[in-house]
Amino acid sequence: MSPQLAAYATSTGEAFQFWVLGTVAVIGALSTVFMKKAVHSALSLAGTMIVLAVFYLANGAYFLGIVQIVVYTGAIMMLFLFVVMLVGVTAADSLQETIKGQRWLAVLCGVGFGVLLLAGIANASLKNFAGTGQANANGNVEGLAALIFTKYVFAFEITGALLITAAVGAMVLTHRERTERPKTQREQSEQRVRDGKHLPPLPAPGVYARHNAVDIAGLLPDGTPSELTVSKTLRDRGQVRDVSAEALGDLKALEQRSEERLERTPVEPAHFKRSEEASK
Amino acid sequence: MSFPLLTATAVLPAVGAVATAAVPAARRTAAKWLALLVSLATLVLAIVVMVRFDPGGARYQLTESHAWISDFGVRYELGVDGIAVALLALTALLMPFIILAGWNDADPLETGSKRWRPTQGFFALILAVEAMVIISFEATDVFLFYIFFEAMLIPMYFLIGGFGDRAHAQGEEAASTQRSYAAVKFLLYNLVGGLIMLAAVIGLYTVSGNFSLAEIAQARANGTLHMATSTERWLFLGFFFAFAVKAPLWPLHTWLPNAMQESTAPVAVLITAVVDKVGTFAMLRFCLQLFPEASKWATPTILVLALISIIYGALLAVGQRDIKRLVAYASISHFGFIILGIFAMTSQGQSGATLYMVNHGISTAALMLVAGFLISRRGSRLIADYGGVQKVAPVLAGTFLIGGLATLSLPGLAPFVSEFLVLVGTFTRYPAIGIIATFGIVLAALYTLVLYQRTMTGPVKPAVAAMPDLKARELLVVTPLIVLLIFLGVYPKPVTDIVNPAVKQTMSDVHKTDPKPAVEAAK
Amino acid sequence: MNPVYYLYLAALLFTIGATGVLIRRNAIVVFMCIELMLNACNLAFVVFSRMHGNLDGQIIAFFTMVVAAAEVVVGLAIIVSLFRTRHSASVDDASLMKL
Amino acid sequence: MNAENLIALLIAAPLLGAAVLLVGGRRLDAAGHWIGTILSTTSFVFGVILFADLLGRNADDRTLMQHLYTWVPVAGFQADVTFRLDQLSMTFVLLITGVGSLIHLYSVGYMEHDERRRRFFGYLNLFLAAMLLLVLADNYLLLYVGWEGVGLASYLLIGFWQHKPSAATAAKKAFLVNRVGDMGLSIAIMLMFTTFGTFAFGPVLSHVTDASEGRLTAIGLLLLLAACGKSAQVPLQSWLGDAMEGPTPVSALIHAATMVTAGVYLIVRSGAIFNAAPDAQLVVTVVGAVTLLFGAIVGCAKDDIKKALAGSTMSQIGYMVLAAGLGPIGYVFAIMHLVTHGFFKAGLFLGAGSVMHGMNDEVDMRKFGGLRKYMPVTFITFGLGYLAIIGFPGLSGFFSKDKIIEAAFAKGGTEGWILGTCALVGAAITAFYMTRVMLMTFFGEKRWQPDEHGHEPHPHESPKVMTIPMIVLAIGSVFAGGFFSIGDRFLHWLEPITGHSEGDSPISAGVVTGATMVCLVIGVGIAYLQYGRRPVPAVAPRGSLLTRAARRDLLQDDFNHVVLVRGGEHLTRSLVYVDHTLVDGVVNGTAAGFGGLSGRLRKLQNGYARSYAVSMFGGAALLVAATLLMRAV
């Protein structure tokens, strides 16, 4: 078997690996797109990336394969996960389309583009694979280094500048400059009195709750949930769990039971109008 | 290297425009004087050009040539022939009068914001137009010409849309709407023309690989540059369309009445007496030189269109109720004559057409500026609002009459010479067209005299009873124009001497000779 | 097996990523899809490298990774600050790109 | 100093006057009229000097040329400013400056109370300059300048009282109708240029034989059109009656003695062309004959003294044109009648002006009557003019008109008979309407009444400054004809220029004279029976159909109104509509179409980044497709 043919025809092991892992990669990619929750998408993507790392290795790009795992999967994807945490892990996106015709067009373009690409590849004469054996003769890392620090040295330097810029940019974007002296506690409370806001400490969640979860709003005496009892982050994410119906049901059952026990006639439930509710 | 005189004639007003625009808001009067001085200095330069120009010398003189965009063979090439010199002189000559006539037209109505500087803008725009027009006349590189031919639209757009007559019958808001309409219409028409021309310019480049007018014309004459008949025709049409819009030729004329009606009188003069001349000038310089065969091919159609312009413009002028609109339609009629002269392909026709451009510039300036003075006094453009002005403001009426008489080509005033030359030139080759065009002179008398009669004669209307006569500044504007009209009517030889050699050249470009008189032909 | 199949895989992944960009509204997921597209390209480059027998393709892939890293850093920062002001990470909330 | 160099001064003097008076402003109000009169007289003096110079030369050496400068040189088209003074132009120069100066003098008195008198004299001087340019020009183009120049002066002077809408309208009408004629002249010049390559008198007239008759006929007819316009011949005669809106001296100078005769000058000057184009000549005679009857009939019906005289002018010029159309038989007599007519018609108009001056500017003859007692000088001078115009034996009109009638018969053949008869009938009608004017104005009972303000006119004789010109003109009307005819002086004077032939008259001169006398007596007799024996009604009777038509200028104005004015108004109005809706509409429609399209397209721009991304992606797909396709091909 000539070296050329060797490069051209891969080993059966690699073929097996390709078909198995390739399937995994495609499934990962698809679930990245179609998972409702961002966390799931991120995990699927990480899976795909690891598969790709293996493929890099298989193609003789040892350095890249490792970098893919360390940098991409290890660092970048973790960054994604952090952001997902910040923004809300469990928040599920609605996959309902809001722009008219967008999905159809997108799919049409996607399919069209894919078919074209595949056709293009099929059409190209890609018979001659030189293989990376010769290039990697002195070791893959050394080979890359030789190129990076000679032929691509300018690009490399510029990339460095880019990274610094990106780092600074990220800081500028996320950093909120405090332009005034932070308010003291006294000032804060005075401010609160002046604004007529909620003065006492915020109520604790879980009143009348079946369990003490933080995402369930405490109920007011009339049975309506008070969102003040849930942390602001959860409120912003829209992750307050509404259990008022169940709680009211419980309440009713409790009242009924006590009536039966005490043999009393039911009283009309009072209608409260609280400032707290009005401000909601 | 000798002093770049031609560049100087264009750069001076351009610099003047920037300087005028930079004058602080409070120093309005300084801006006016600055603009006036710059325009006068430009006039001096133009006179120097005229003196330095040798009618018997080379075709293009005072040439300057520098590489500009060498990848596309675009050069900064300037040069003037007799026709260009005449029009350059006209432009430089009219500018001081336009500025002087518009002295108070752009004063802010109330002293509002300190940064509000309409006056500076007005005069700066006028000077900018002057610079661009001058360089269009001087450019001998097609691309260079095209750039300024188009760039002219920008300041003109603002001049039309931004400054109008003070008092308006329907109130300031309606006036403003109509102004923007007119300005946009002006812009759109000319842009469409310009874009088509751009395509033709590119086409010309792909065919010739060159933008230099002289070189292409030379190559065409030598036969080294062959164009397929259809190619030449298409390119010709592309160029001609742009020029016909600018000129304007029927049926591409409808922007002109709107633009002239809505802008102030000095700007209207700027449009019709100066900017539009670039169109007719370019027909003579570019269409005929670059595409002689196609020009001959298109001649019958163009002549008929020009003829329609003449008669149609005159008839519409008769039917107008608005003074400025009337003058605009009269101008359309006159542009018909100019185009007729150019495409009659006779020496008389083309010399006459060139002379016509100059004379029409002066006569329209006289008529329109006086009309502007009249309108500014009464605050109305409607003819029906006037009557008996002659009684209260005899000098105004007299100058108006002279302007009108020039418009109807009274012998003894400059336009007569040119109009007659055009007619003779047309008649020698196309008798029928010449005869029909002659009807134009009867119609010209009709619309001019009807205008004069309705505004100036008859019983004095109450609204004009207190109308003051011309002031010193206004007289200073009108008198030189009238003197010039009479002088060029009595002694046009200085201009014809400059123009004739250039026309001779153009005639040889299109391989045409004047028809022989019947008596000689018979022998 | 012919290594050209890697290219088919790359094309497929790229297309999936592109379609994902178009149909997801969550900015983070959109971002992930972009990453997916970049990775697909990288795979193609690596395969090209193998095909030509030199390392230039890998170099390009390497640069792509660096650029992608920079992009992610800035992009995620933008998403975070957007979320802070809008309390949403939907790309459709910002429909300001019109006259 | 050579006599040639004086020629330009002939024109320069009044031109200077016009410039000074019109530009000078109010400062010259006090002296303006005298400046004008002096400069016009100066011109006359130059004219006399030149005349003396010409008389001192041989008959065939009486052409003086003065080349001033080259006017318009363009390739083959060479127009020079060159003046030619020969016997023909000399005759006109003397008539124009002579009568012109007299009328200047008269106007000093007539316009005394007009606050714009200075300007009036400026216009008069302008007219003189233009008219002199017309007759002195050596080429048709320069002649054209003078031709339109007199038109301008006529326009300014007819409309001198601009505050009267009727005057302004009349002025405009005069100019416009003249423009139609001018169009003929300008086309004629173009045709000459294409035929001969020049339009100078000398080369054109000496090469006439080289050109085809068709071209010559065309040139002739076009020149005739020009002449019709300027000389108020049918069909372009309608402006002359209205032109009487101008001050009376203007009517006398421009619309009687000089400008309106320019057409005759043009035809006589271009005699060589007409001689070679018999068809054109025939048309000229027909036009002349028709106009002489037309004008005479109109003159019979008018009650406005100036309009009656205007009709008469039209008719008399008809005689001249008729004579000019006869060719060499008639040229000399056309000019002779022109000169004598210049005297007596100017005199008549000045007389009419004098009457109006005394009658508070009343022009209706039905409100005159018996004025001979109040204005003796006017009566006598007017009477002499009257006798001259009707051709009373021994007076100017007798000699000149008789010759024309003779010449008409001498044309020969049927044409001769018809033309001669027309001329004879014209003579009878002339006698009738002039007698009518005379009787209604100076004889009978006084018929004037107080006007609405209760002012009764007090007829009085005009001041000396007005009567002296009238007397001088009356002397001219009496003696000029005799002076010219005795020994055929005028004939010998003009013959070198115009040529002359006797023709072959079918009837002897004596018979013609007798017939003319008979016509005269008939005309006067009928008029006397109608207006002398019976009192003249103060309000015009309804009259016959012909009378009513004649009062309306034989319906020419109605025709013009219906066909030209109405039609023109409709045409322009519909064109304005077309321009607005059709021409502009196409463009606006295109714009609206694009507007609608862009309205649709802008919906694509919904602001969603994802939407844009789809388009980008689609575009990328297309690019890939295109690339692949290119490779496949």
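We call the chains A, B, C and D, going by the order they appear; numbering starts again at 1 in every chain.
Here is the rule we use: a residue touches a chain if its C-beta (ideal position, glycine included) is under 8 Å from a C-beta of that chain, and two chains touch if they have at least 3 such contacts.
No experiment lies behind these values; they were computed from the predicted model shown.
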item: Pair with more cross-chain C-beta pairs in contact, given A-D and B-D; value: B-D
item: Centroid spacing, where centroids are CA-atom means, of chain A and chain D in whole angstrom; value: 101
item: Approximate Å spacing (C-alpha centroids) for the pair chain B, chain D; value: 36
item: Geometric centre distance via CA averages, chain C-chain B, whole Å; value: 60
item: Distance from the mean Cα position of chain C to that of chain A, given in whole angstrom; value: 15
item: Residues within chain C bordering two or more other chains; value: 18, 22-23, 25, 92
item: Where chain B touches two or more other chains, by residue; value: none
item: Contacts with two or more other chains, residues of chain D listed in rising order; value: 606, 608, 610, 614, 617
item: All chain pairs that touch each other; value: A-C, A-D, B-D, C-D
item: Chain A-touching residues of chain C, taken from the complex the two chains share; value: 1-9, 11-20, 22-26, 28-29, 31-33, 35-36, 39, 42-43, 46-47, 49-56, 58-59, 61-63, 65-74, 76-81, 83, 87, 89, 92
item: List of chain B residues in touch with chain D within their complex; value: 188-189, 250-251, 253-254, 312, 315-316, 318-320, 346-348, 351-352, 388, 390-391, 398, 405, 410-412, 416-417, 420-421, 423-424, 427-428, 431, 434-435, 438-439, 441-442, 445-446, 449-450, 453, 456-460, 490-493, 496-497, 500, 503-504, 514-520, 522
item: Of all residues in chain D, those that touch chain C in their complex; value: 602, 605-610, 612-614, 617
item: Touching residues (chain side chain C, partner chain D) in the complex; value: 18, 21-23, 25, 91-92, 94-99
item: Parts of chain D lying in touch with chain A, wherever the complex brings them together; value: 606, 608, 610-611, 614, 617-618, 620-621, 624-625, 627-628, 631-632
